[in-house]
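Okay, here's the structure, questions in a sec.
All chains are identified by letter, namely A, B, C and D, in their written order; residue positions are counted from 1 within each chain.
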Amino acid sequence: MKVKVLFFAIYKELAGTSKIELEIPENTNGNGLLEILETKFPELKKLRNVGKLAVNLNYVPLETVLSNGDEIAFIAPVSGG
Amino acid sequence: MKVKVLFFAIYKELAGTSKIELEIPENTNGNGLLEILETKFPELKKLRNVGKLAVNLNYVPLETVLSNGDEIAFIAPVSGG
Amino acid sequence: MHVKIVTQKIDTEKLIKLVEADSVGAIDVFLGTVRNNANGKNVLSLEYHCYEAMAQKKLEEIVTQCYKNFEVEKIAVEHRTGHLKIGEVSVVIAVSSPHRAASFEACRFVIETIKKSVPIWKKEYFEGGEIWVEGYSPEV
Amino acid sequence: MHVKIVTQKIDTEKLIKLVEADSVGAIDVFLGTVRNNANGKNVLSLEYHCYEAMAQKKLEEIVTQCYKNFEVEKIAVEHRTGHLKIGEVSVVIAVSSPHRAASFEACRFVIETIKKSVPIWKKEYFEGGEIWVEGYSPEV
């Protein structure tokens, strides 16, 4: 199945891109996706245990199983305001 | 001795004036002045126990002895803001 | 410190400008406005009277106390008097600080203390009458 | 409800106008501004990035929650992104209510919740470097 992964702020800098489309196996969850991304973008390992998972604009647990067409982002600790 | 008494808001309406200059005996305190004022302006009796005493722009106890030249006002419960 | 009793429309933007500074990270601004109802009555307008010299002095004391009690940078306060229509602004308090908690707390302190101890009174005009609003009894 | 992510200067006066109403007695307005220092460092400027679609959604959720939790009348929020200079305004929150406590509390709730859960990040530019500011970890 195919998902879209968006990178923002520190994630974007370390990945060197703001967005990729990715083929991943069925039943991959957030943690599984992170492992795949760390293989493609080794720099992301620096952020291990830092980001929260957002799927389709909502925060969800890292154990959440992903679906085809999902829009995914890892959210570093926010600092707006 | 001579003092100046200012009337505001409900006090002004009941006294029918915004200011008077008054000769009062030496050693008159706030309570004593109020009695004198109630004789001159009987309507003020309606406000008995309502007002706080201000002398020269500061709140002071009603027992405060007044001095020649003082600027005095009785302050109804405030409602600004 | 900027503290003023005014009879014309308060310029909120101006008060905000007055509290800006490079060391400021937060500004809290409170506006008191004339509401169209009170105690179940339809209010038509409000009239604010004040003992101007004493109100000015009390406001300055409140602001001075804020500088002592809270880590604030600058404070600007204007209170309007006279006859105000529904929706008009009677008071604006702007407080700036490096960190946000102080701005919120000091701004709240100023308006609460105004309502307790500054000699300003309002009269409500409603359908069929008018009445002096009873507020707090100022503490000696 | 007015909620917007913007890239230009926020018009505070406009947001205040948006929350005015005849039934309103109090308006609290919070402005976040770019401070010239942080953690003992001299800050030169701040850059705000955001996940716009999600930030918009989260802001709307926060405002919706405010309408439930506090007796407020209207809320308007704008958050600016991009590169901001010292003194510039990054966020404005305006909340109106019949009585003042609700405005203060809801306004504070909005800014605290923005800082906890809205996907907006800032990078500090200081003499000799730049760094992504670490904020709260948003709770799932």
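Quick note on the criterion: a residue touches a chain if its C-beta (ideal position, glycine included) is under 8 Å from a C-beta of that chain, and two chains touch if they have at least 3 such contacts.
Computed from a predicted model, the values in this text were never measured in an experiment.
J.: Which chains are shared contacts of chain A and chain C?
T.: D
J.: Mind checking the centre-to-centre distance between chain B and chain C? Centres are C-alpha means, answer in whole Å.
T.: 26
J.: Determine the centre-to-centre distance between chain B and chain D, using the mean Cα coordinates as centres, and give it in whole Å.
T.: The computed centroid separation for chain B versus chain D comes out at 49 Å.
J.: Return the distance between the CA-based centres of chain A and chain B, expressed in whole Å.
T.: Centre-to-centre distance between chain A and chain B: 73 Å.
J.: Can you pull out the residues of chain D that are in contact with at least two other chains?
T.: 32, 111
J.: Could you pull out the residues of chain B that touch at least 2 other chains?
T.: In chain B, no residue touches at least two other chains, as defined above.
J.: Can you work out from the touch definition every pair of chains that touches here?
T.: Contacting pairs: A-D, B-C, C-D.
J.: Note which residues of chain C are touching chain B in the complex, please.
T.: 32, 48-51, 53-55, 57, 79, 90-91, 111, 114-123, 132-140
J.: Show me the residue ranges of chain D that touch chain C in the complex, using the header's touch definition.
T.: These residues of chain D touch chain C: 12-13, 16, 20-37, 86-87, 96, 98, 100, 103-104, 107-108, 111.
J.: Would you tell me which residues of chain B are touching chain C in their complex?
T.: 6, 8-10, 12-13, 50, 52-54, 57, 59-61, 73, 75-81
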